[in-house]
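Below: one structure in structure tokens.
Labels for the chains are A, B and C, by order of writing; each one numbers its residues from 1.
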Amino acid sequence: MDIILSVRNLNAWYGEKQVLFDVSIDIPRYHITAIIGPSGCGKTTFLRCLNRLHELGQGNKVKGEVYFYGRNFKGNIYDPNVDPTEIRKHMGMVFQKPNPFPMLSVYDNVAIGLKINGIKDKKKINEIVMNSLKKAYLLDEVQDSLNKSGASLSGGQQQRLCIARAIAYNPEILLMDEPTSALDPIATSKIEQLLVELKKEFTIIIVTHNMQQAARISDYTAFMYLGKLIEFAPTEELFETPKHELTEKYITGKFG
Amino acid sequence: MRLIDEGLQRLNSKIIRMANLSRETVELAVNAYLKNEKLTDKIFHNSETLRILQDEVSELAVELIARYQPVASDLRYIKSCMEIAYGFSRFGRYAYDIIQVLEVFGDSSSCDHTSIIKASEIVHKMIDLSIEAFINRDLEKSLLVEKMDDEVDNIYESYIANLVKEKYKDLKCAVSATLILRYLERIADHASYIAEAVLYIVKGERKPRK
Amino acid sequence: MKMFSLKKFYNLAFISICVIAFVLAMIPLAWILIEVIIRGISALSIELLINKANPPGIPGGGIANYIQGTIILVGLASLIGFPVGLLLGIFLSEYKEHKLAPYVRFFVEVFAEFPAIVIGIFIYVILVRGDIFRLFGLEKVCIGGFCIGATGFAAIAGAIALALLMIPIVAKSVEESLNLVPISIKEAALSLGMSRWKSVFIISISYARSGILLAYILALSRIAGEAAPLLLTVLGSFYWFTGLFDRIGALPLAIFTYGISPFEDLKAQAWAASLILILAILILNIGLKIIIKRKFAW
């Protein structure tokens, strides 16, 4: 298994409250890894530790190592010499509620990531923007509304726009925080198909509270509970024969 | 109570009904053959009931899967129920085959029933044990059943070997006994599959097919 | 049935009280407006708008130089006031956790309530009389060929005083607009790999741009009508603009001096000037607001 991220003893706090306890996991490259668990188990916090977003909150703390074996970066992303901004360029993030920039057009939403990274050639930008929109299964639908505000699209389209925005500058990892929980079933299914297609080029880590979604699209599934990683296995294994009693209880709905 | 639990209970009751009916039917058929009782209609009727029940189990299992997306132990249980229901319906079928031998070959009281009686006693025990193992998820009982399957195989194989070696006294007896033993051996196999299913439900492990 | 009509009655009574209160509050406002319009229009003429004021004693003249003066003062003030206010607003909104934040906030809050005349006095002493230079034992400070000393009554002093008035207004409004930027937008920007300051200046400001521009207009309208600080810093002038370090006229000052003068024609000019001032503020607020909403809102 080709590992892209190696998390070792990750601990995280919201102020005084500890929410992650010694989480260690190896994320395989070019696969979809799903993280499931009940509310408050720390899965979103874990995700936000991977692109160093968690530490931006006031009073938040992170301890531990996350080794990233990227194309242009190899090492611990929490090393004191590392600039967090640089790390985030290797990882795209998509959030639960679609958040395209409403003050920018559809086109500019995708282009902005390129512009701030120093790409100035208009032709190149155009090529990448169109390509990203195409990869996100969105180009056909927005061909004629590229200049409209990013917020003028439907919910499902907005989320695909966010995906296009995230993949534009070619990150290696896509971090998705419950990307379809605010969408209707058809939009959800479109995005799930999209993700399965995208894993050919990106490693995808998706947090979801929908177990069936994890079962549908992921290759590996991690189950977290109360801030700890309980089980991590190939998806068919975890859903057919989970090894840990807690996992079995959660996925069969015998919790609480 | 989860939503799926009501469905699982219904599934369980159907399986238990099939278990009892098939056990009863096999016993009935073997005794009828040994004692020359004309029970063809009743056994046929039971066999049909078992077939219908098997279809019901299959349908219910599919309904539970479609509605509740079961996983882990629930999924393994439902899958096993489908396999076990098939096994029980086979019991009914073989019981019918056994009584058919009586129909075709007629009275066999002049034949030597020793092997048949030995085999049928083991088979009855195997059926009882495998049903108990399933109901109680008892892995020990299921291991016992595997061993007993070998015994039945031995009885069948040695009877055939004997036939080949020595000349038979009566063709009718030889053929009907062979058929009966064959059906008993198949019943034993299915009983052992039922016992294996218990291991799969509890641990998720499968024995490789011999 | 009885309960229902009781409720209806209370409803009606409440609405009526609101309407009455509104009307009462509007009466003086409307009265002022009507007075200004009537008296202003009767005094208004093309000559008034084109000619500068006449030196004292000579009747006639216009208010054109005062209009010019107000425009220059307000323009200069916003050159200083807007950027500083914007930066302060950004700091207050985006860097709440910074050590200095509580001090800056306190400073802005206090300054916002400062009486304009106190700011006037402050600039008068510091700049007009030049005490800031004497503090260092100097008459003037020269950088290259450019020297600056006590300014006397000067346009630059007035502009600085107005800027000081403007800064807290802009800062508070900008902060409020930036506070409305949803966290999801900021996080989206950060997760794209934008540095903190880029996400503020490229994304947050862009998101809040109509609010920020409106803050600017609000502040402009405020200072355009201020007389007290100008009284102490520019004193007033009957002439066209001659230089940053010279005295300058302004509409509020003209309204004051002409209004208390014993001459009827000057009093009339004061009404005309009031009308111009109020019209300007109205156009600024209503007109520009419409333009901003059309072009900059999303």
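Note that a contact is a pair of C-beta atoms (placed from the backbone, for glycine too) under 8 Å apart; a residue touches a chain by one contact, two chains touch by 3 or more.
Every value quoted in this text rests on a predicted model; they were computed, and no experiment measured them.
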item: Neighbouring chains common to chain A and chain C, by label; value: none
item: Most central chain, Cα average position; value: A
item: Most remote chain, CA-based centroid, reference being chain B; value: C
item: Distance from the mean Cα position of chain C to that of chain A, given in whole angstrom; value: 48
item: Cα-centroid distance, chain B relative to chain C, in whole angstrom; value: 96
item: Separation of chain A from chain B, taking each centre as the mean of its C-alpha atoms, in whole Å; value: 52
item: Overlap residues in chain B, where contacts from two or more other chains coincide; value: none
item: For the chain C and chain A complex, residues of the former touching the latter; value: 97, 182, 184-185, 187-195, 198, 202-203, 206-207, 209, 298
item: Contact set on chain A toward chain B in their complex; value: 211-212, 215, 239-242, 247-248, 251-254
item: For the chain A and chain C complex, residues of the former touching the latter; value: 51, 53, 56, 58, 85-86, 88-89, 91-93, 95, 97, 99-104, 112-113, 116-117, 149, 151, 162, 165-166, 169, 175
item: Chain A partner contacts - residues on chain B that touch it in the complex; value: 2, 4, 69-76, 203-204
